[in-house]
Amino acid sequence: DLTIPALNYRTGPYAPSGIPYADGFSDYMTLLNERDGGIGGEMVNVVECETAYNTEKGVECYEQTKGDNALLYIPQSTGITYQLIPKASADGIPIWSLAYGRTSAVNGKVFEWVFNLPVTYWDGASVAVKYAMEQEGGSLEGKKIALVYHNSAYGKEPIRTLEKLSEKHGFELVLLAVDHPGQEQKSQWLQVRQQRPDYVFMWGWGVMNQVAIQEAANVRFPMDKFIGIWWSGSEADVLPVGDGANGYKSLTFHGAGTDFPVFGEIKSTVIDAGKAAGDGTKWGEVGYNKGVYTAAVLAEAIRAAQEASGKSNISPADLRDALESLEVTEARFEEIGLGGFAPAISLSCASHSSPRLAAIQQWNAADKTWSVLTDYMEPDFEIVDPLIEEDSMAYASENGIEPRSCE
Amino acid sequence: MIYREAGDFSTTYQQDSQTFPIRFDRYRYYAILAVAFLLVPFFINDYWANAILLPFLIYAIAAIGLNILVGYCGQVSLGTGGFMAVGAYACYKLMTSFPDVNIFFHVILAGFVTAGVGVIFGLPSLRIKGFYLAVATLAAQFFLVWMFNKFGWFYNYSASGQINAPERSVFGIVVTGPNTHAWATYLFCLVFCVGAALIARNLTRGTMGRTWMAIRDMDIAAEIIGVNPLKAKMTAFAVSSFFVGVAGALFFSVYLGAVEVTEAFGIQKSFIVLFMIIIGGMGSIFGSFAGAAFIVLLPVFLKNVLVGGFGWATDVAAHLELMILGGLIITFLILEPHGLAAFWKTIKEKLRLWPFPH
Amino acid sequence: MDDPLLDVSNIEVIYNHVILVLKGVSLKVPKGGITALLGGNGAGKTTTLKAISALLHSERGEVTKGRVSYRGETVHNSDPADLVRKGVIQVMEGRHCFEHLTVEENLLTGFYTRKASKAEMNADLEKVYSYFPRLKERRKSQAGYTSGGEQQMCAIGRAMMAKPETILLDEPSMGLAPQLVEEIFGIVKELNEREGVTFLLAEQNTNVALRFAHYGYILESGRVVMDGPAAELRENPDVKEFYLGMSDEGRKSFRDVRSYRRRKRWLS
Amino acid sequence: MPDQVLFAMEVTLNGLMAGVLYSLVALGFVLIFKASGIFNYAQGVMALFAAATLVGIMDGQVPFSHLINAIFGTDLHHFGWHVPALLAIVLTVGVMIVLAWLVQKLVMRHLVNQEPIILFMATIGLAYFLEGLSDLMWGSSIKTLDVGLPQGINDTIDRVTFDAFGYGFFIDNLDIVAAIIAALLVIALMAFNQYTKEGRALRAVADDHQAALSVGISLNFIWVLVWSLAGFVALVAGMMWGAKSGVQFSLSLIALKALPVLMLGGFTSIPGAIVGGLIIGVGEKLFEFLIGPMVGGATENWFAYVLALLFLVFRPQGLFGEKIIERV
Amino acid sequence: MSEMAAEQITADGRRIGPVVMEMKNITLRFGGVVAIQDISFDIREGEIRAIIGPNGAGKSSMLNVISGFYVPSEGEVWYKGARRPAMKPYMVARQGIARTFQNIALFEGMSVLDNVMTGRLTRMNSSMWSQALWKGRAEAEEVANREIAEKVIDFLEIQHIRKTPVARLPYGLKKRVELARALAAEPTILLLDEPMAGMNVEEKEDMSRFILDVNDEFGTTIALIEHDMGVVMDLSDRVVVMDYGKKIGDGTPDEVRNNQAVIDAYLGVAHD
């Protein structure tokens, strides 16, 4: 069996985000098991473990599951990621933090066992600025951008990048911190109202998202100038606001909706057959799609590892090696029924994140659908990469890690 | 008579104020210590250490600390999370500023730093009492967390705002960082835990303990018979915070290795530790252990039974777990309002009388 | 005494599952009588009263054997509030006033179970005030700040406001000035004679209690060791010596008791 | 008027409004504390439970569907009907009364005459239980609550103030509704306390359980009564907050917003809950507006507590709380 | 009154020392309530001084003034010949004034022994470090003080309940434990607030014995509030009578019991 522990959170304050993802991930793996008899003839065994987004429970899950030849961990929370980075590295199990966690883990020279695909927060910040710039006709000179962020390590991630970008493009950056949990954001949104920024970016999480979007609607901030990070852009975030949320935008790194062949297969083979992990209602939601995306890419990596090692029952180290040279082309996405769902991936020893592209999606409140508006955009590598280098080297020196050469 | 006290007479006052005046209890206690120090380290694995024993030992230290404040001195505090954060951040700053000093001392020093902070936030207790004080201590909780989150100096300006425990060793044995052995971290925490329990026991059985308990039971009468309330409360805050700080330092450096203050030391921590002492038994060192065991072990146990045993969906199990935990808390309180420690005592009393009903 | 109003038969009470306090207490309270319950500290008087008024549960105590019946109905397991509605009210030892309520509000809580008009309420209030003028003076102050004796009056007045049929009085004289003790017993007598209120009173002040009571029980370590009409008890030499402090030569001075006397116990 | 002054005025007004929302939660605490000396930790979870139940009933969700489906292999989710908001609210109130009755029956009556901290602990157990129950019953996904409460900027105020000052003030319609409801609730509750014998009985129970029993106050009845009232207040609070954020677990955390309010107003005072709410609301918003930018913002969480703490140092029982009796 | 230094001989021939404590024109007000109005009296070394009066007269309040819990609105307290400055109650206790309370104020969560030991707290001052390790000073001190506490326990005949939690004790025993706690402090002046309330005659006799013995053996000065006239008249050397906050009588028991004002206000009938 291919054992993949899934540190999910279907309970606790972030359950609304955790459930669709967990369903998507499991359902895709179930599809592979049902349809193909697993991967390379080996059944996939997804071991769910409930963390409630709590680090200590995450540790318990990790320790409990790591013994059974667990192939890889997807920690699903920034806290647990930081927790597991040193532990899993020592235990020789790869970690994949999916567009969260430590951004500088992109540097594979320092973080041998950590993967950060497909994109990072710093990339996201840069893409958001780029998009705003395009909207403003190529220049942000003299404009004002407000960042409404969760006052935690996660929320503070984009600040450095945005500061650098504001220097470069000459816009003013206004920082508005929201303390956990973020049920009350009057002060922040009154400031938005008074300062009249041209754009508002949001790094929100949990209840903070819904309240922010609601407050934005209340103060009549133009929704199409309000852009959230990918964790602030799912159905759960906008539905409670109703019509007010129409036009709200967010970043994304995969397609929206269910117009991809594999979704039909999931529906028929898994959900309708009563084998779904959840109640099946999350099918096609943004979070669900993220789960599918993760599972699909992981399945590709496992396949690659099986090919490279020549055995079907691979080890965590095999998977790590395969991840480090993972190539998922657009054609391959097409083959697995996800054509156009996400841009091609190509990882390397030095770069543990790829393709580092993000698009903008928009919410349509009437149809209750998200739709992707733009192409996948590149971040400003000139700004982001030096930051990654700096931070990863700081980690290396702090922890006495000698970076690999990656030749 | 399964349990006997008869025949154990103390002939001196020293003997009488021993921790375990009854010989049977004393031997049992030595046996437990022997198992903990000599046996467990040989059989422990990562799961038992990281998922069960470390959190148990560390929470037990925190619970002992809080029990001194709440259980012995009657000053209800909800600032435990914040004080644990002080311990953790003090330990981190010390570890990174003085890498050559033994981590053992860092942990102790972190305790002292926390004691200082505890005294400052304890000052309002001179005027504010009961639940008002409890809520007032939340000011410490929120302020401290905000402060550690806000000022880069505390986390050495790391980009992520997290603090990571660098690798440190005691007598050449690594106890922090990723390359530790289960037995080493376990023993390291065990030493602190046993030390904490002994010190707490000594403090509470003598003058200091009586001073605190007098304040707890009736502060006005205590003052009239000669207890200086300022001194009593401040020492309680200091000693309590010391233990809580040590727990915080271990929690960060040995157990988790990387923490972010809002997540690891949020208000939830304060409540959890308070639950431990109320369930375990206020004003009882044994109760602190019992409570820590209850709150740390029960969820793990339930999870393993419901998910591992019955194969239920993780979320259904998690919800049931909460319900069972809540239900058990209420049941225990109804059976014995003064916690597991008192429950244990009643059982002993019954055993002593057994087979006669009274 | 063929059909007592309140009948306690052979009850055993255990606190906290292990502490056995009453070891088979039986007593009968006839309607319209004043029955005294006497005994030293820790004899179990309070416990007996609480067993009757069903307040034991709130102390983690339990009647494990025997039965308490009021008008033939078993009551020791009922809700204390029901019992009050049936007409039995207890004045608890140690006052137990509602600290944060004013004296007057305290008195009014006694009226809680009654379905009478406001006018009646005011009339009853005035009556209590006429018994305890001191309370009237202090009626607007919080009970927590009144003196010990004032609280005692307040507790008794509160029970009177309920217009009960039976009052269980637990050490009413405690902490009261001598002339007030007389007054209170005077009130007891008056209520008893004029309104037919039945009393069961636990008292340490044997002297006064036996003067006013019709019948008495003496309790020692959880057992009834003696009972009889008050007049007889007063003449009993043991009672005289141990409870009334009188030897054959009359009252002894407290100063003259030169040696600690080993207590004589009827049973032990 | 200079902009800063106008802005400060707007912030102040909104602070008042935010304060009202805090008060709504605080009221639930006060009710139970006043009536039984219990610090009800479960108040926040009760708000969540009430709101989730309301949505569940409105949407015709099958309670425990998850569990039922897991055990019986069925595929139940919805009854397929939709209950109108008003009826659903009435039904939810019914559920909260049943809950209050159960709490009394299963928990409180066994804990008569225990110390406050033990009763507090029992409410923690209750909170855990309800948290699990709420999720198990209605699922932990986010739910949209739409009972037709108005939301968004109030145009009249915006226009009037714009005409007057050249800057339109923002006041949320929801807040206005909340303020009206809070005012009604407070008047009703105060009248209840002042003019009924139950009101007096509540305070008696809070002082001394045993003595209350001894004068014939039925603790059981009182407890069902206040827990029902608190359940009702929780429903109101849950509706108001749920309208902003959807109904989800985090709703239970609003309790944390209410604590400084309680402390400042006094645990035993109904008007205190309102005044405390207003002071905290204005205080924290103004502090965030004036001082926040200098220290990096997000000061509201701790500032509310520190403000309350400062008040307490001068009045240890809060602004309107009953004086703590210290005597020997 | 200039008998500050003079000795007096009591009725039964005991020698009573000079004045140790003198209350001068004490007035105590609570808002509108005047609990004590311009009262002066003194307490002599080694005497038993009773304070009597109807309920609410201000007797307990007077004890509270003496033990520093209430600060008089007007007036002065003189102790051992010097005016006592305003001080915290615990400082007063350290000057050798111990007391019991009308509404028993024991530490309910502790055993009888621990309660008695709290009486010794003012005398225990080993450092926190030594206590933490339970070595040296702390242990020696514990044992030394324990001996004194045990003596008091023996004296009051409460050995059998030494380890019982006080919450479980019946009222009368609690009173005795409270007395033990006060005695353990080895006070110069002992203030007793209705020590015999809730006791029957036999127990009162015991209690009287204890009080007399304390007075005799240790020469402890005692101020006593009591409603049982028999006890008051038998035990006390001098009696102050208060009514409505005012002093209406002061003198030997005989003088007081024949004072018409006292009879009217308090005794009701002339007491034998």
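Note that the chains are named A, B, C, D and E in the order they appear, and that numbering of residues resets to 1 at the start of each chain.
In this section, contacts are C-beta pairs under 8 Å (C-beta built on N, C-alpha and C of every residue); 3 or more make two chains touch, one makes a residue touch a chain.
For clarity, every value in this text was computed on a predicted model and none was experimentally measured.
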* Asked: In how few steps can one go from subunit B to subunit C if every step must land on a touching chain?
  -> 1
* Asked: Any chains in contact with both subunit B and subunit E?
  -> C, D
* Label of the chain whose CA centroid is most distant from the centroid of subunit E -> A
* Asked: Which pair, C-E or D-E, has more C-beta contacts?
  -> C-E
* Structure fact -> CA centroids of subunit C and subunit D: separation to the nearest Å works out as 44
* When the centre of a chain is set as the mean of its C-alpha atoms, what distance in Å lies between subunit A and subunit C? -> 74
* For subunit B and subunit D, what's the span in angstrom between their mean Cα positions? -> 32
* Averaged over CA atoms, how far is the centre of subunit A from the centre of subunit D? Could you give it in whole Å? => 35
* Structure fact -> Multi-partner residues in subunit A (2 or more other chains touched) are 10-11, 15, 19, 151, 179-180
* Per-residue multi-chain contacts in subunit C, two or more chains -> 145
* Structure fact -> Note: subunit D residues in touch with at least two other chains are 66, 135, 140, 296, 298, 301, 327-328
* Structure fact -> One finds touching chains in the pairs A-B, A-D, B-C, B-D, B-E, C-D, C-E, D-E
* Structure fact -> Touching subunit A in the complex, subunit B uses residues 46-47, 50-51, 55, 96, 146, 149, 158-162, 164, 166-167, 177-179, 255-260, 262-264, 266, 300, 303, 307, 313-315, 317-319, 322
* Complex contact set, residues of subunit D against subunit C -> 112-113, 197, 200-201, 203-204, 206-221, 322-323, 325, 327
* subunit C partner contacts - residues on subunit E that touch it in the complex -> 12, 30, 33, 53-57, 60, 102-103, 157, 168-173, 194, 197-206, 208-209, 212, 227-231, 234-235, 266-269, 271
* **Touching residues (chain side subunit B, partner subunit D) in the complex** => 70, 76, 124, 127-132, 134-136, 138-139, 141-143, 145-146, 150, 220-221, 224, 267, 271, 275, 278-279, 282, 312-313, 315-316, 318-330, 333-334, 337-338
* For subunit A, which residues count as touching subunit B in their complex? -> 8, 10-11, 15, 19, 48-50, 52, 55-56, 59-60, 62-64, 66-67, 78-79, 82-83, 85-87, 89-90, 102-104, 151-153, 156-157, 160, 179-180, 387, 390-391, 394-395, 398-400
